[in-house]
Amino acid sequence: MQPELAFALPGVSLPISAMSRALLVAAAGSLALVVAFPPPKPERTVLLIWGGAGIAAIAAIAAAPSLDLVILLTLGVAMLHAALAGRRTLAARLRAPALAVALLGLGLVFARLEGPTILAAFAAVGLVAGLAAALGVLPYIHEFDPEEVTAASPIVWMAFLGPILAVAVVTRARELIPEAGAAFGAMLIGLGLLNILWGSLASWLTEKGTSAWHYSFMADWGLVLCGFGVQVADGQAAALLVLYSISLSRLPLYLWSRQPLRERIQTDRPINLLAAAMLAGSAPFAGFAARVLLLRGATQLYWPLALVIAIGLLLWLPPSLRLGRSLGLPRGRQAIGAGIALSLSVAIGVYPQPILSLAGL
Amino acid sequence: MTVVAVFAAFAAWAGASVIVLADGRRGLAIGIALIAGGFATLAWTAGDWFGGAALLAGGAICAVQLLRVGPQDWGLMPAGSTARLIQATVGGILALWVAASVSTGHGAPLRFASVAVLGLMAARVLQGQKATAVLTAAGGLALALGGASAIGPIASGFAPYLLAGVIAAGATWLPSAESRAA
Amino acid sequence: MPSIALLAPVAMLLVTSGALALCGSAGWKVDRIVLAMGSFGAILVVIALWAPVRSTLELRLGQLGFGAALDLRLDAVGFAFSLMVLVPAAILLTLQPRPWQEATVAVLGLAASLLAVEAGGVLLTALAGGAAATLAVIQLDVEDPKASRPPWGLLLAAWLALSWVGAILQVRSGTAVYAAVPISALTVPIFVLLAAAALIASGLFPWRGWASQLWGRPALRAGGMAVATLYPLGFYLLVRAYEIGDGRYPHFSMNAVLAAIGVLVAFGAAARAQAAATRREYLGEVIPGLGGFALMGIGIGTPLGLIAGLATLAVAALLAACLPLLPDRAGTASLVAIAAAAGLPPGLAFGVRVLGLEATFEAGNLLGLIGIAGAATWIVSIIAAARAIGLPAGRGHPASETMPAVAMGLGAGIVVAGPALGLVLAVLAQPGQSEVMPAPAGVPIGGLMSVVTVSTVLPALTLFTPVLVLALVAYIAAGPPAVRAQPRPALFRLPVAELVGRMRQQLRKAEVPAQYRSLVDLRALEAAATGGGPLLWLAALVALVFAVTR
Amino acid sequence: MTQFLVQLATHSAALLLYPGLVTIAVFGVVAESVWVRVSERRWARPEFPGRRPSPVLTTVAISSMLAAVQLAAPFNLLPSEERNLIIAAISLGLIVWAELALGVELFGEPRLLLLVQCCWLVAVLGPAVEPQSLRPQVLGAVLVPSLLPLKVASGILYLLCLPALLKLWPIAAPGERRARRRLDSTRVLSWWPYCGLFATLYFPPSSDEAIGVVRFFGLSLIVAGVSILAGALLSRRGAEPARGIYRRVIAPFAGVVLALVVATSLLLR
């Protein structure tokens, strides 16, 4: 990955890594997409306010000079997010993020302790588990209420705040505990595979449509974790592309599918099938390029891993078809939005170089 | 100075234990105050006066807010608290083991306090059903994280202390909003 | 010709799809004209690019970002496969009416398929081929979501497998460009993966693959396009594998296995065809049958085999255009199409099959046994064809989709082109073979008048022309056969197929015994995983600690 | 151009005259008449097709001509190197099944016939595996001792298959649709290519002299005679025993021939 680049703000210079900067752009793009083409509910202003706050939080985390600040900012964001009006109790909403912060904190403390190498291994466990808990992936799945407003739901952690937090934690963890790098990577890959399996199967077989979307985010995060765990440039590139497709494709489609899901509308039009193909990572969408890079990275590391991942990749299709149908038939602004999301995904899938260059990869 | 640090560390652990054992606002206030005091003292013993002050201020505001608003009760060790008691004790012992025998180098009290408070606050967050208790635990977490930033060869400066103090102070000011459907 | 012109065929198709979308959304009914101009224009451009120079054209436009460079290449193999994809697709797009949305997706799929063939490296082929597969599936679902279509997962698996091959080649040898991959990089395991990708991509299985299932659909618009654009791609990979391996596969056994699979595929198709209940069912097995023979030829690993395989694919491409336009009712059109498909002498299908079988004997190493099996398979397919003439038509697809005259013309073209076998080989197949396999010393295999092989000379023009003339005169004199369409019993049924069918049934019926159902209660599992239970989280933490400290 | 026209003319002559259509008809009528005499104990006048031969008969004739020109008959106008065993084998296969277009009831034992034909293919193509040549006369000329057992076994298998392929067996019962014809014109067109192919594959080529012609025709007539005898015997013994022989003998024997092909090829490496 490219060394940190200085990102100048008036009066103060905050270091933002190239990858974080790329993800910041993706988050902003995602927000722009859902604000410009908002779903019927919630209304645009709500999305704009909460989305803007989220962007500020992301920027703060990206600009945080040390992991201590990243963790503290995460705690602050978690508390503010938990305070938002949602259907779950505050305790339920804060539980997993607070646990994440505690685990990340413990991981950081262990990483800084002097002593036997086992401490570095404990640090790796704390950081990986903390990251998983912050994102809300298996085994630390956040409590999910299908009827809850998206801005207050765990989807925010997975699709909006999660990418930047993951990059911040993973990049710094490698510098903090180089001696436990292998264990760190192995745990990320393990959790990644677990989430690929769980996310895709659960997304396919669960009864509730909204839950299916929630699990599909987990499946994508499985790929991201594998990409980060592989620890070669191709793995990072794969993770970045999946994060882009989460921000620019999956999240907007999820928001646009909420209303049809409530009305139990299922359609089989070309747009639904294209959306399904995009969500499944079929060529020529961004997911395919990401998968190619991931396979390449995994092959460099250990080819049987690539085989396992390749088999796992086939699990995306059935749930994606289901999710694509749940989009209904977008009309008016949403149809334009869906078209833009599809076009963006194709553009990234066919020519991802600009994004990778932006991320210094 | 070391003796002060040791007492401060145990105060922080005691505070965390109180938060684990208490459900009432007074108990939680005492707990957060002890944690803040403990970490502030540890920061001072390390020569970081402003940092310590920020933590103390944050903890104090949180405690005062707890004592100022809502029903005032201690709620210490309600029925069925044996597990919590064991938790607090075992947490302390494990933290002591990590800080004193597993890890090496100076600053054992801070290591003990950080590990103990982070662990116990995590446990409290997992147990908690009431917003106040969870938010207080989150405040405790913030203070522990702020204090722990001094561990290691490279100090993280004043920012973590300040941020931790702010989060701790703001923890109990947050509205525990009503439910709303999408 | 500037190399940038290599973009023209694909670009032309992309522009056509855009124009279609515009015209369609504007409500202008000019889509067939646009389609004809776009698709036939692409054919002309490909010919214009290749014909004047008849040597490889290359275009390098730099890295795309996922390891693949935008390298386009039009060599003899690319030229042959481009035509195999473009010609049937252009005919179907022009003659079959379809909604503009469907037409747009179809042209995009055609463009992707063409890009896969023009791609200079494995990864770009994988991306483009995957896109073609995706668009074909979408097109099929748009046409009729309930009708059978290729399993999407299977196609995705094929193209993912190919992309993995590309990734491995890049990791091992630093490049996945066909012309640049060192011979040593194509090891047996990598080739097995590539071959598996190829077989799955084209549905080359001894059992009923998607290429035959598609003909059971109520409409044959999307099905015909899917066969035209997807079916040749798997073969393309196998031909390119020769280029990577400098004219050889990594081990002789690979040739033998692929050739054997080819015969099995052809035999499976022939066996199903001779048991078909309707003519439509029989026609569904024509392309897989030819595909099996093509695979046998390509797999053999000799120049003659490769040439025969490529020529067989050319015949299959013409039939891929002919069959969807063929009405289901009996008549001269059906008769001619069946005669062309079955390989009645002196048709092109007859000549290429003879050469394919000859290649197996001349290859030595007991591959002649595969030739014997191939000959037996051909006999079974002849039986199937003879039987199919008198079969009931089966469920007819809409008459508006059919063009009996054109279908008959294409079928007749295949038969009449028999004497021109040497020319077809010389123009289409032999340059492709020379591109990927060292050419044999001495006289070229394909010539205007005859086809020269190691042991014989097939005087295609001078022997088949009189046969053709005699046949035409005699058949015209004889008039149409008085055949009564009626259900006909199958000559035999494969016990293996029945066994597989039974096993599938049992598998479908299989369920977890009642006493164990609680173990796989998905609802309970979901509740446990998503309940946010501290115990689960603690257990996960302990497991991670155990994992890193053991 | 001249060369092309000359070749076109010679090939057309080969197809129509010798060893093509005319030869096929003459040889076929003789053999078929003898067969009718033997099977029905009376001489039957040949039934030549009327003005309009049926498409099936046309197909059979075309295939038969194509197969006949592949034979190593002396003075064959088709040059030796231009003959091809595959073309002969497949054309003969086509002859057998052309009538299926009219209805499966024209075949007594279609399944068995298919089995027999596959075995016949083993007999015809098996000997070509090791020499790696498909020129019929080359295979006939092969006299390598190690290849002789295979050649002999293949020849026997060929002869065993012939009665069924020529539809000398099973004899159609009166009343069956296929029993209507007295002198089967389809079979008339089959005698020469089948018998000539045997003489081509399993005997050294005959020289382009009168004696060679006599030898080749003699061999072909002997094969025809053997087939007629076999057919007569099979029909006399009744349907069941004959069916039993075909079911139990042919396929295993073809397996033996295949085993010989493999063994010979491995031994000669």
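Labels for the chains are A, B, C and D, by order of writing; each one numbers its residues from 1.
Rule of thumb we're sticking to: a residue touches a chain if its C-beta (ideal position, glycine included) is under 8 Å from a C-beta of that chain, and two chains touch if they have at least 3 such contacts.
Computed from a predicted structure; not experimentally measured.
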Per-chain CA centroid nearest to the all-protein CA mean: C
Whole-Å separation of chain centres (CA-atom averages), chain A against chain D: 73
Whole-Å gap between the CA centroids of chain A and chain C: 39
Inter-centroid spacing, chain D versus chain C (mean Cα positions, whole Å): 36
Chain B-chain C separation of Cα centroids, rounded to whole Å: 68
Numbers and ranges of chain C residues touching at least 2 other chains: 537
Multi-chain contact sites of chain B, meaning residues that touch two or more partners: 126
Where chain D touches two or more other chains, by residue: none
Arrangement of touching chains [line / ring / star / complete / other]: other
Each pair of chains that touches, named by its two labels: A-B, A-C, B-C, C-D
Partner chain D, residues of chain C touching it in the complex: 343-346, 350, 353-354, 357-358, 361-364, 366, 368-369, 371-372, 375-376, 378-380, 382-383, 386-387, 389-390, 449-450, 454-459, 461-463, 465-467, 470-471, 474-475, 477-481, 483-484, 486, 488-489, 491-492
Chain C partner contacts - residues on chain A that touch it in the complex: 92, 95-96, 99, 103, 118, 121-122, 124-125, 128-129, 133, 138-144, 180, 183, 186-187, 190, 198, 202, 205-207, 211, 234, 237, 241, 268-270, 273-274, 277, 280, 282-284, 288-293, 295-296, 299-300, 303, 306, 310, 313-314, 317-318, 321, 349-356
Interface residues, chain B side, partner chain C - complex: 126-127
Sites on chain A touched by chain B in the complex: 41-42, 65-66, 68-69, 71-73, 75-76, 78-80, 82-91, 94-95, 98-99, 101-103, 105-106, 108-109, 112-116, 118-119, 147-150, 152-153, 258
Sites on chain C touched by chain B in the complex: 534, 537
